[in-house]
Amino acid sequence: MKLQILSIFIATIFTHNIALTYLLGMCPFISLSRSLKTAWGMGLSVIFVVTLTGALNWIIYHWILVPTQSELISYIVFIIVIAASVQLLEMILEKFLPGLQVSFGIFLPLITVNCVVLAVSLFMVIRDYNFIQTVVFAFGSAVGWTLAITIVAAIKEKLSLSGDVPKGLQGAGITMVIAGIVALTFLGFAGMVAIQ
Amino acid sequence: MKKLHLIIGKLYKIKYLTKFKPIFNVVDSIFVGVKDTTDSAPHVVDNLDTKRYMTAVIVALMPATLASIYFFGWKALAIIFVSYAAGGLAEVTFAIIRKKEIHEGFLVTGLIFALVLPPTTPLWVVAVGVIFGTVFGKEMFGGTGRNIFNPALVGRLFITLAFPSIMTTSWLKPFTDAVTSATPLTTFKSMQVVTPFSNLLLGDCTGSMGEIFRLGIIVGGLFLILTKVSNWRIPVSYLGSVFILSWLGNTFLGVKVAPPLFQLFAGGLLFGAMYMATDPVSSPFTKSGKWIFGIGCGIFTFLIRNFSGYVEGVMFSILLMNAFSPLIDHLVIELKYKPVKK
Amino acid sequence: MPIKFKKLLYVKSVRIIIDRLWRDNPIFSMCLGVCSALAVTNKVENAIAMGVGVTFVLVASSVIISFLRKLISSRIRMIIYMVTISTFVIVVDRLLKAFFPSISEAIGPYIGLIITNCLIMGRADAFAIKNEVRYSALDGLASGIGYSYTLIIISIIREVLAFGSVLGMKVTPEWWTNWVVMAMAPGAFFVLSIFLWITRNMAKIQPEK
Amino acid sequence: MIKKTLNSPKNYKEMRSIVMIKKRTFSGGYFFKNFTGHPQEKIDNCNIPSKVIIPLKQNFGNEVPSLVKSGDKVKAGQIIGRNDNSFSSPIHSSVSGIVEEVKKINYFKEVISSVFINSEGSQDWQPLKGHNSDWEKLSSEKIEELIYLSGVSKLDNQGIPTRFKSSLISPEEVENLIIHGVGSEIYNLSLPIFLERRRMLNFVEGVKILKKILPKAKLHLAFNKHQQNIIEEISKLLSGLKDIEIYSLEPKYPQGYDEILIPTILNEKFPYGYSAANIGVIILNIQVVLQVYEAVAEGKPLIERTVTLCGSGFKEPVHMKVRIGTPLEFIIQDRTVDNIDLRFIQNSLLTGVVLSDLKLPVNSNFSQIICLPEEKRSQSFAFINPGFKKDSYSNTFLSKFIKVKKILDTNVHGELRPCIFCNYCQEVCPVNLIPHLLFRYVEKEIINQSLMNLKIFNCIGCNLCSYVCPSKIPVAKYIKEGQGKLIDIGYDQTLCILPYFDLKGIEDYRGIKHL
Amino acid sequence: MKKKISMILFVLILGSILTFVLIGVNYYTKPIIEKNEAIKIKSRVMDAFGISYNIDDIEKVFSENVKIETENNVKYYFTENNEISFEITGNGLWGPITGILALKPDLETIKGITLIHQEETPGLGGRIAEKEYLSSFKDKKIIPKLEIVSPGKAIKENEVDGITGATMTSKAFEELINNQAQKYISNLKRN
């Protein structure tokens, strides 16, 4: 059991990285990887929100939706939970940690529409994870996403100094090339851990 | 040579040929050389140029190259030729389209790429790989000196993953045409059999063309270090960390983990550590960054070789650490230079 | 260009269609909805299913939102969008499950993820909330088609390279060797990057900073 | 060094018992060794020219007003310019003759009033009053006056503090005096001929004189580690003195820079962009100390300098004693190789300026006149040349392994290429900057705080990074450009150094008020 | 006041539209989806047994030919000639693999294998789901152990060719079949 949780964690970061193998969260991945600082900010926010909403949605799904047989509306419920927790988080930050609010504030609204957040809840249902597995999976996926965007942001910062990217490829295009090569290299971990 | 220069100059004037200026420039600079003088201080500059810098790498690669030709004959020659031709074509095309010079870096890329291929690689796969490596690994970032990943490895990795059944199933023993499916590392992985060291050192074993004559690689690698073309920190930390990790693994995790010396001499580790991890463009430029890079390569090589489905740990780990290099440099610099307040 | 045709270019609805299909194409110009463009384009059938699904959700939600635009207060508009969009996504999901179970399994959670597809939310907030119903419907349709044809082109390239086939029919000669990597994430990135490069050069789109 | 001491164990022990010799060096830098065009070990006397031009601002200090006018008769050694109220030292006529005119000339990018004197051709000069070969009898005040009046006090970067305004600080404020002969340029003055027998004694006396007028100063003598004989002899001769340290340094360029000497010798930070005097340090070279002695003991004003003519453009590179104000063309005359393009450079091959107008005179700032052939010929297949005679920071040329004199010329030896992160520039940078990173910011016009954080203003402009770059990128030039652009948008170097220093005398000299 | 009314009105309209849509869709698709789910397993079981059927009469054919017995929450499927099948699951290289393994009455020889779910690389490891490949398992022995060997090397009756370039999936599949078969067969034999 413990080993399985560890392997879920490692898998979500390396072998089954949510950005590099499931290709999720690409829009912010492209637009926020311009500087390391924003990448970090977004990454940390994603880690926080994904873990929180993953856990909440598990509870709601298994304790409310399943008993009442209303899985049909799970999408609506999930997205509302996500939107509400982001709102709540924003308010809490504003009230108690205004400093953090300034640095995270701009990222929070973006997160609502980040597919990583919803994807984690959907995968959790499809893969039939229990609560602890869900939390680990959510946390790991977000860490994996953050890792990927951080690497790419650092590379893009270096490119802004030393690169000479053809015009049509600047911005989104070169981000894809970088992400593609990084995804190639991440394939090297294949077989190291099994995801359930 | 003067005549040549004049002829080139005339060709260059022909209207339809102006587009091909990069090609003329290359020929001119190789055969004729540079006439320019410094325009202000420093009035004298070092005699080293990038051409010689890259040539030094070619020289260092000679033992491995010659050995591969000796072992595999025309197959090796054909692969090297196709690698240079196809990659060169990609390079020249980009130079013409983007109106830039053709740079020397490709001399190394073209050769290294050929040397890390299995001798049985079909020539069209060689072409696909080298073109992919040159275009996606280098030109898209702006060409020589601007790439993030090692272009030769990007090409190698791409074809490994695109054509796994071609790239991982057929190996040749030197001097024979007998195809086998096992390299020393796969043999170890499936049967825990250690190939004798003399075979590994002298090249009497299966593997990529350039990686099996390990004695020559060591000599060439030392040559690079002693000429200051490559930095000693990376090979030392890379090989050192693989050695230590596999010693620890072999002692504590059991015989599934290859013993340290075998680990060092098997597969492409020596070749990678001496010629590919040291690529200055795609590795960190800070000193501590180089140590971290080497150790990171070591850790990933160890993990991938022993615990993942692949045995090409060297290829993966160098590229992985290439991806981490800018981040490493960024963090090292952030720690080293305290910000100045305005 | 005949004057009549030129004039036509200034008609709002024509403008919308041309822009969505080319200059402001959701994928290569606006970079919205990239996730699905990458994730489901390994086979043409998946791309078609996704394209149709997204187009349907886009049109339906645009219509509803545009219809109710005077009533939606700006503070709660996000949540309204989400509920509306989710509903239509459920519709698509159920229909796929019922009639195309194999495709539904192949693209799995990505149908659910249409909800967070940046394109749909983007069009809702940038267009539907401000425009009349007919224009919104048109915008949704044109964006959806712009999105779908991009997906289909990418998926054709990937399916040919990766499987040697289009819609499951073999199109490559005997000697062709499949490029396995094209079916996976890296292949998606590479094909899309080249696609972006070519289309952006053709459409003369300035790179974002 | 260990080898040498093994050869003379007796000396070594003796030496240890007298003054500790400290071995020091700094990180980075580059040892230029074994080039053609080094001067012979002898000093020639240059003839007296028929006309000299004496700029009224030389070395440390502001321009001084002329005390003579057209038609005046002057003697060699007579003061022709002086202003006791501004930072400056007197300026002397270097020949006897008649003032032709006093007019402004363009001199090294400045417009400076200069005195034109038609010379009589006599070798004589007028000694200072009150000098005494038994200088210990003189009072400190008298010595300071002699040093000031001789004009020697303007030499080197900070001048020599006296009761007059000849330096930023007063003699009492000097905490450290560094005297060095650590030439590390490609061409240097050769120390042995400066410190041969008799002059060695003069030098030691000079040191003692300085010690006397700078009462609080600790004395630091630094030499190249290859000059073991000189180090040993001096340490013996100075054994009686208190507060004195002797250092043996690696002869790496740019060891002689103030910015490098202070951290290596004193273990202190240098106030980049300001003078060493601002932190109470005065740095003098061997020739200046000898001139101090001559001024005090022999009454000799600053009318001549020893200049080396070096480089393969000269038929016979030598040391030359020249009167200040002698036009360059008079010195060079027909000493150069014929029939090829030549480039004349002042003082340093790495940082010196081109002497394009040979009619200009020599001032007291000159130590070398370098002449190199302009190498416009190209070389085929240069990149696979074994390189017996080619210098390189890397070890890719055989010259590294063979003792052959290496050729210097002005060819760029390669094409401009993108930086390949070879890191040579970073390895040689004596102040631990990352030149290739700095130049990238400037090249891409990203002029912002990042450059400050990377300490761009710590660059001392030694140009080593440009020297070693195999991609032939003018790295140092970019860095200088970046500094300029930063200043334009309101940054300046004081931001970097303020936290560390209590700077003296800055307000008066630089007119900076907010410090 | 006007605002409040419009808000309520709005929620009502939107709510009813959406609810209407959802109810409609659910009503329409629910039976089809449930049927899809049900026939999915059944069709795989019958494929594994090699029973032929039409899409429309799956239910009928299934109930005629196959009996289900449940023991310890495990479903076993029997045919009239006492062939037996059960669900097998395990990890592949990229994700879980589930399928149906059908055995002949001797409980040693494979009658057939079908897959329900797998996430291997399409075109590579994914080829284990192909009918042609799975048919090569027919009539192989799982006692003492089924072995998947290098492509083209299968000779003995407990050996099956692997997939070129997908050793890892083949290994995983081999392990999965042996594990699960042993587990369920020992259960069966006990009864």
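Things worth noting here:
Order of writing sets the labels: A, B, C, D and E. Residues in every chain begin at 1.
As a convention for this text, a contact is a pair of C-beta atoms (placed from the backbone, for glycine too) under 8 Å apart; a residue touches a chain by one contact, two chains touch by 3 or more.
Note that the coordinates shown come from a computational prediction; the quantities given were computed from them, not determined experimentally.
The chains that touch both chain B and chain D are A. Hopping across touching chains, the smallest step count from chain C to chain D is 2. Chain-level centrality, scored on Cα centres against the all-protein Cα centre, points to B.
Chain centres were defined as the mean of their Cα atoms; on that basis the chain farthest from chain D turns out to be E.
For the pair chain A and chain D, the distance between mean C-alpha positions equals 61 Å.
A straight line joining the Cα centres of chain A and chain B is 34 Å long.
Chain E has its Cα centroid 33 Å from the Cα centroid of chain C. Chain centres here are Cα means. That of chain D falls 86 Å from that of chain E.
Shared interface positions of chain E, i.e. residues touching 2 or more other chains, are given as 22, 26, 93, 124, 165, 168. In chain D, the residues that reach two or more other chains under the touch definition are 418-419, 437.
Those residues of chain A in touch with two or more other chains are numbered 72-73, 162, 164, 166, 169, 174, 177, 180-181, 184, 187, 190-191.
Taken pair by pair, the chains that touch are A-B, A-C, A-D, A-E, B-C, B-D, B-E, C-E. Of all the residues in chain A, the ones that touch chain B in their complex are 36, 150-151, 154-155, 157-159, 162-166, 169, 174, 177-178, 180-182, 184-192.
Against chain D, the residues of chain A that register as touching in their complex are 160-162, 164. Against chain C, the residues of chain A that register as touching in their complex are 20-27, 30-31, 34, 72-73, 75-76, 79-80, 83, 112-115, 117-119, 122-123, 126, 166-174, 176-177, 179-181, 183-184, 187.
Across the complex, chain E meets chain C through its residues 6-7, 9-10, 13-14, 17-18, 21-22, 25-26, 28-29, 32-33, 36, 40, 117, 121-124, 165. By the touch criterion given at the top, residues 177, 179-182, 184, 186, 190, 193 of chain C touch chain B in their complex.
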